[in-house]
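Following this line, the structures themselves.
Consider the two complexes below, in which chain A is the common component and chain B and chain C are the respective partners.
Our next item is the complex of A and B:
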């Protein structure tokens, strides 16, 4: 046995195509999933028991089932209702569904962690609920959302490998084909490992950029404490 | 005919799971009047302010601000109609509320905290809103702090920015919910003097406070609240020096005992006058 990467030269276009599809699926599933997640979270914080019950069932159902089962239910269940869609589309939607439950929890948690007075002080000056959300709540919540959302997006990207089981020609699927043709599993999977790693690094870097952009005035949480504020505020440091 | 009061509260009632937070509360405040609202904790002072701004919906009763019904209205047919969210929001700028915990928006500078609501709610141009904000911050002694974020301000400065934010909406009435109780004595003095100068401009104010000295010296009237209703009210000095109800007498004894140094002196002083 010899480790010979040159075997892969004939197959690089398959792997590159698979990597590109994985990236596209992740991006689309992220966008769809996040939209759905924000929507679910906004419903979840409405007053009353009904919104909480409905969103609770949505979130718990999707969180408590292995992703591969969600995928099978959607993929094999849709034809029963007379809908036939391409596997890639179905897989992306299933992935978005799966991630949306987690995104919803992340967004809901961040919204509820913000002191109520922030929303109330915006409402009291006459802002509508939507304006209060947009001008006061959202900018503050955004920076607490980035790190956990990045985690979930990375998890989701890796989970997209499961889509190979319904014949979506993404990176894992292609690597299985290449491996079948070359009988060189080690080389192939080493290459695939490197590609997944690169995609993950790219996502993490994007998130770091985003965090830097929205991460101003992060110190607020410490300074909400009056004792800490007294010692940390710029006024206190200035000699009098 | 006397002009309508700036604030008229009638038969306001609010219950939380069986406990009566507000029990048929009546209160009138005339234009330019300064009313200090006092009372033991849990008597419903904060609930009253939250109901007056419709942050909590009172179960029953009516609120009128500058002659206009707020929250719900009695129609000529004798039916009670709850105003729509839009109608309520439209009147809200007329009622300025200053919170105990300031509730400044930490992602905006002090100036922006005052400018943004004017632009968003009143539709003022940015230039006009900025001019108004700078003027107010200047009046409150914060001209050099306008560009700072709230975390770089002291408690007293934060509270003054919060006051400027409320004033920028040109309210007919200002409500203060224990504006100094999150501050140490030195900083609270700073805020109290702002309230005092605000009172001198003729602003109508309802101030929830434990500072007897402030109430006696600045307020026209003291309203003492207990168990969800106003049990005693009258001219500030008269109420403090000559309380009629035993509840108020007990309360004053406790409060004065605690702040003997700060308030007691002022009180003794005002009594000998």
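Our next item is the complex of A and C:
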């Protein structure tokens, strides 16, 4: 089996266009999904049982149905109610809807993990509610938000491949087109895999930069104990 | 054409029958993934530098690319290298491989939370490493991993819906077939959504019960 580079040379513009669309869709769905997620999380922490029930149903429904089915339901449901939109837009909105449930859980968890006293103490030392939020609460919430949010964004970027099934011309769709034209699955999927991988590494690197400010929890106690390190760690060098 | 609720109810039995395929495949995938994922974790704990470097690349690949692409690779690329698999087998292979990696990565986190005391005791008693793995580490690890594995199971069930794109006749493909003859795609796909909701909520509920049981046996 040979690796025929000429196929990739001939079709690089299709694949590059697909990769660009995948990036754009991910970015827009991230912005929309995060806004919706924050809104749902803010409702979820309201007192009383009704907000919790409604947001709980929203989150659990979206989290327990495969994204491909959410996508199809939105895609076929919108024309049903008389709205016709381009597939790319429908796909992006469906992706944002899907991600919003996960973002909502992340934001809710981060908000609830913060002791109430933080806000109240800030108020006591004379800060306005806005100042207390901005200088005291927000930095701490952001710190716990970064790792799970980047994880979810990575998941969402990968999930955008499913948009190919409603003919959104993103990377996976283009790869299937090229594969259909050339019958060279090896070259095509090697290239596409590499592109997705690069996008994922870029997002992960972005997250690492953000996390560096926070500092990560290292399990020093395990590495210091040779017996524990032998069984409980997968990374450390073999103890000498 | 208004929303037809009776039609939605009428197709649910057919969809639940089709869901048996998803359930069967999901059970095979989870079993394979847990067994292979455990073996992979033990292999990684040996800390052979070259092996671990190779595994790190595979992990990065699996975590960095869409599951759908991995399914396509199993379905389209493996035949090129002489492995002509049926759609079902290719799909099971792709999702199992993907889940195996995620199981091993969860285990890596789980291992960090295990108390080293019993390991030291077992080592002091002269137990051989394989026995320590089998009798001391894995029982604690798997018990700790129950919530993660339950969550992973719902992800696998959702993943089986993707196999419809490589022509496995699962819930989604059955729904599409029904929709193409009834011209009611919206209700039919809502039906498919209901089926997955029921499946995954049942798994989560079973998981909660299992967790309580494990909690009870531990104390």
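Note that in this section the second predicted complex is superposed on the first by the 196 of 240 C-alpha atoms of A that agree within 3 Å, B and C clash if a C-alpha of one lies under 4 Å from a C-alpha of the other, contacts with A are read in each partner's own complex, and residues count from 1 in each chain.
In this section, a contact is a pair of C-beta atoms (placed from the backbone, for glycine too) under 8 Å apart; a residue touches a chain by one contact, two chains touch by 3 or more.
Remember, it's a predicted structure, so these values are computed and weren't measured experimentally.
Applying the stated contact rule after C-alpha superposition, one finds that A:111 touches neither chain B nor chain C.
After overlaying the two complexes on the shared chain, residue contacts for A:77 are found with chain C alone; chain B is out of touch.
With both structures placed on the common chain, the touch criterion links A:36 to neither chain B nor chain C. Look at A:60: by the touch rule set out above, it reaches chain C but stays clear of chain B. Once the two complexes are overlaid on the shared chain, A:201 sits against chain C while remaining clear of chain B.
By the document's definition of touching, of the two partners only chain B reaches A:140; chain C does not. In the superposed model, more residues of chain A are touched by C than by the other of chain B and chain C. Shared-chain residue A:90: touches no atom of chain B or chain C.
On chain A, the patch touched by chain B and the patch touched by chain C overlap at residues 219, 232-236.
Looking at the complex, you find that chain A touches chain B at residues 115, 117-118, 120-129, 131, 135-136, 139-140, 216-217, 219-220, 223, 226, 229, 232-236. Remark: chain B residues 53, 55, 85-86, 89-90, 92-93, 95, 97, 99, 101, 103-107, 116-117, 120-122, 148-155, 157, 162, 165-166, 169, 182 touch chain A in the complex. Across the interface of their complex, chain C is touched by residues 1, 60-61, 64-70, 72-73, 76-77, 80, 154, 158-162, 164-165, 172, 175-176, 179, 185-186, 189, 192-193, 196-197, 200-201, 204, 219, 222, 225, 227-228, 230-238 of chain A. By the touch rule above, chain C contacts chain A in their complex via residues 1, 3, 41, 44-45, 47, 52, 60-61, 63-69, 72-73, 76-77, 79-81, 108, 111-112, 114, 116, 119-120, 123, 129, 132-133, 137, 154, 157-159, 161-162, 164-165, 172, 179, 185-186, 189-190, 192-193, 196-197, 200-201, 204.
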